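Look at the two complexes coming up: subunit A is in both, with subunit B in one and subunit C in the other.
On to the complex of A and B.
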């Protein structure tokens, strides 16, 4: 076989490994939904699903929380860009983004609950001196029946994600110049943003917004922690069905409906986008300059600061509770500190940590290798440049793919195997790794290669001694993201691991409510620390790699 | 007759070193003042200071007036200073006509559109109102950019090397076009190129 063909096949192999479980997962959901899998689902599941009294309330709750959270994330991102840039708060916003992005959803959800429950820190800070409460009040509950606690958690977690996506696009939009030109033409900064920058920015962050919408409509772990129990969100309702052996068809039918619902939401969002675009186009050139922003700027800065402060305080709560021995209401800080339960409950803490680390390192290595293979072959024109395929696992609800993947794994006897779990983590981490590395790989100046080649360097030598060190920064960032994605995986580990792998994500969600609050805090803290350490390493390692070369150069 | 006056302008770099020290000048309507000097001498910073967009890490003192109105307390959008930069910055999500409408003050829709068409015709760009700016040549883009600035009815014009990206043939034509259409405004021109400076202009060389 020709060498060129063999290397092309390697690339296509990577793509096949990525696409195969997605196709199998979809088929594994589709066929049982119509009762076409003997032994697993022999009657169609739609009629059972529609007859369930929880169906419509769960749909209503999901639409309410999913759309509201997504809209708030979008509004908050715009407010942040328009009002907070060029203020003193901006540097704090930028500094808070990496930790908030790194922290897994479930861990942040626990932090949010530690803040807003009736016995939470917010009530403690204002008690008893302002509220008069000597005991936790009983006139509100968190999670609440309308899902507002879940909305808050989703906003807190997804807002940094959309803001980061927007910030990555701003340099290519000449924002400063557009603002200067717009303002010297007499327009207020808010009008410059709404008429000049946002119409160009939105198409570039649309895919991220769709990912957020899909996530908000189908999230399971955060909904289990922050969502109401009766009715639950639609995904949680489906999880209760899939755990019932006789309800596989109904669960699969529900997973299909969820996927269709998410797709319909994308279409709906596109329609809304067109309407807003028509309205904006009609107003864009009407010449009205708008009032200055000063009155509202303070409100915007306050709102963004409050959300970010709330998020960071949620993380602080994890630290406080995990080292608490005694903390009575309404004290704002613990009366007694202790690290004893870190040792006494090591049975709950150590095993999940070790398992999470194994899966995370495996996922990280495999995802980096696969992404580098694909992008390197793309650079050599052995495989085409494709972007849309990598988005599939991010846009299709996890429930839809994983119910089917689990069904296929059951039929193949592969469920509960560690390789299946690792494979699922890899499928969910690879898109982020490819998308992060793609920009750096494609923009990398080929002159470096040519220069190294003319100095006598062969392909592997140039790749390992020139290309990879120059791209050490994005490689380390991608590795950290892969690790963070793996540590956060709840549903793939639960469904494909057949409950055999108690990772931190699984232990945290399943233990919540039944285990001591201090142990929960310790679990959430450990789940947060792993990606935080990885992101810290991603800052340090490229510096270490490049420093000896810089020193050698100076000598 | 509008006059742009700058008095005792000083700008300091973050380390405290002076970039501009006690600079004063004035430009009356119909006059061109060319600011020349090497890179880093502070030419563009003077324009940024005048428009209120000077980088926050640079310290500045001094006053600017336009028509005897102090500019310093006003926000950028209230200063009525037209600005043209090295790049034309035609907004890519708007047609040529919409770019010009964006510059025009509000008013009756048809009248505004007619004004846009008339100004395009006067600039030799007749019938280009529905064109995508990306399809225009460099010279055409420069003319549209200048028209957009002038349609916003500025009281003074600030030009930051607006001809430097054009080839020599287009450059002389756009220069003539600029001096012609902005002949009733005070013009402050930042340039590296002595050819950009009109014969009757005053020159202020910065070090």
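On to the complex of A and C.
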């Protein structure tokens, strides 16, 4: 009984460590917003915020970019499922998903910019032979004032995320059966999808869509790189307030409004969902069979290929620019190549890399340990199954939690400490790790344990020799995701680290305005390579672990 | 005085309910701004100095890395460059720390400031004390008004000079052979189709450019040397807004989308998206051409009647953890060795604050040997205009944001 209590306390300890900063962050934002923190924020911040000329333009811009990007992600995902499956492109789509998911937002944003500015690669490739442009055109700029550059960046990055979530659900939906039944009844494939499959699929990817919507409405790093500056998006506007001591209350008030806005958007999305489902229900029974998909299939395939090609080209741009010496408009490739900046600028490249690796490995180890502890205790019935709590950091805007967390850290004198930064990375990585491992842990056949126990294996022996190796694949995947999440963290590192920890994410964003484009490319490339290597390792390592066992089995 | 040697007596990390909590017990500071220099150097050995400085230029970042290596070797001081986007944010953090009473163990030991940020620090007593007059190298610094008065605010030894700067324009002779020589000419050029843009204030280069425009356009230039008077602000600045109202629709981005730094305009010049770039470094073009970031055909110039110039400084906050170390760093940054490297466009190209006549032959040669190249602002060609009083920066920035920022 004693041990039972002790171990379940361990589980609750893990959960408390996870929840405490979320509560502290919330209170640390709530109280200053109402001016209740002496010394930090003594008068309420809402009136200051509403009086600021940038408030409404920033709100409008945020809603515009956030909703447009989310809608486009949803449309692209559906188009991809309906049009691209069972074509030759499909294999390439599947192959491109994991690397595109692994690449951090900021790095991809840099790649996108290298493509789409008036002097970017897309214009270069077609100039001057097709366009006649000897100099870059001047009828658009990127980033643009309406935030379309940001929308593009968000779509390119979030589309693979939603697609992957949808793909994970398809096997349980029996798509083939639905399609063949529908077709037997004479419905076109597009109608089979819209009437039979999508209504089942949507509820299963709703949580992912909400995460994407929340992210699109509150992102900071990508908005700094791709968003307009005057006015900026709402989160970026709040970032400009939070470091102004007289503005802490206003910044906190804004962070609360952002959280409420995101929540209201969830409700709005739910309402929209209901309307669409009413409309779809009426349509479903109208009996029309619809034309064939063939006409539109080509367009869909083209669209999806273009988006994916765009991301991949963005990454190629990072490689090209990092090895460039001279490359002017309108040349499609650099005039002079050089690997020199990799060597001469190693002083500004190596330190951030090392720091990112430290935080990533720390985050990975701590997140895996915490998740395994929690899920093991859950399996042993020492703690209950909890799913919703892990979603909190993914659904609440980072700005909202981190402003408060920073305020608390500031009051406690813990800001600028590496442990605080590591702690924040852990909080943001743990949800993904738990959610990935939970399925594997819960579906793991208990017969393995019984068999191993019967053979005389104790708890630890069974865990380390049977359970963990069998789950090596999800464990490695979760570890890779934890590493990718840590490497991409901009806001926690900046706010809680007091700017002292120049990781790749920080270095890339803060120095973007001024640094040599070739160094920017090198930084972004390194920030992309870390998670890519991790995902590659996640494919290889389980195979290496299982190989000798499989051989023994065959013998 | 061994016992006075600063060391963290206890550093215990507690995982509390709320966050990781790092408790540092208060430590005694033996060093005062006027302490004996040998005592400062002795105390500094082993200290880590967090230097908060704008990190938007990789050349500057590399220069500081070089300085860090030398400081470690010569003084046993570890210099950590904390790269910031806008030093005003750090001033804000210090004000917040002051409000919550964090008077010890601050996060910032040394910071790169001037102008309105220094004025704000001085006003709110965020500086430590007159350490600058106590540095070993103070006696080789120039006697110049911009070193004694930072944007008209008396320096009083609260900050130590680091380098000089002047607003300059870089143009590509292959595209534009005879660039505009005044604000008025610039407008004519831009309306006539020349490509131009500037970083939106409060970005440093943007604020400086509109101050430059104001100096040229206002009917009341003597008002700029004094603190802003709310009663006359509109009258003094009216010509500026009329000018910008005409200029903005003609800019790259139509006055709705702006580059975020002066360096970004340099990149846009290389891309061909603008015809004139802004810089605050008369030698930046040389460095950029040599490293392959600008074409050989660029040249640097200033307007016919001159452009704004100033001095930038380093200062130590009142709650710095490593004050002795920070003094050693400030002093090293003034050494002929460090200043000569900084003046070299291959590394940075920032004009020195030293009086070359006060150096010995060998040290002077290190400066005169520097090849500034044809791309830099020709020496002696740029008339320097004084900065308006520090209060103008914020007032202009706010007025600009109200008009064009949303």
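We adopt the following convention: the second predicted complex is superposed on the first by the 552 of 555 C-alpha atoms of A that agree within 3 Å, B and C clash if a C-alpha of one lies under 4 Å from a C-alpha of the other, contacts with A are read in each partner's own complex, and residues count from 1 in each chain.
Methods note: a residue touches a chain if its C-beta (ideal position, glycine included) is under 8 Å from a C-beta of that chain, and two chains touch if they have at least 3 such contacts.
Bear in mind the structure is a predicted one, so any value in this text is a computation, not a measurement.
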First (subunit B), second (subunit C), both or neither touched by A:289 | first
Report the partner of subunit A that touches more of its residues: subunit B or subunit C.
-> C
Would you check which partner chain A:244 touches, where first means subunit B only, second means subunit C only, and both and neither mean what they say?
-> second
Check the residue A:267 against both partner chains and state whether it touches subunit B (first), subunit C (second), both, or neither.
-> neither
Applying the touch criterion given at the start, work out whether A:130 contacts subunit B, subunit C, both or neither, answering first, second, both or neither.
-> neither
Scan A:24 for contacts with subunit B and subunit C and give back first, second, both or neither.
-> second
After lining up the shared chain so the two structures overlap, which partner does A:183 touch, if you call subunit B first and subunit C second: first, second, both or neither?
-> first
Determine, under the contact definition given at the top, whether A:174 touches first (subunit B), second (subunit C), both, or neither.
-> first
Just which bits of subunit A does subunit B share with subunit C as contact spots?
-> none
Subunit C contact footprint on subunit A (complex, rising order) | 16-17, 20-21, 24, 39-40, 53-54, 56-58, 117-119, 135-136, 138, 141, 143-145, 228-231, 243-246, 248, 324-326, 328-329, 336, 338, 345, 347-348, 405, 408-417, 419-420, 423, 498-500, 502, 506-507, 510-517, 519
Would you pull the subunit A residues touching subunit B in the complex into a rising list?
-> 86, 174, 176-181, 183-189, 195-196, 199-200, 284-289, 292
Contacting residues of subunit B [partner subunit A, same complex] | 51, 53, 56, 75-83, 85, 87, 89, 91-94, 98, 101-107, 109, 112, 148-149, 152, 154, 158
For the complex, which residues does subunit C have touching subunit A?
-> 13, 15-24, 50, 52, 55-58, 61-62, 65-66, 80, 82-85, 88-90, 92-93, 95-97, 99-102, 105, 107, 195, 200, 252-254, 256-264, 267-268, 270-273, 291-293, 295, 401-402, 404-406
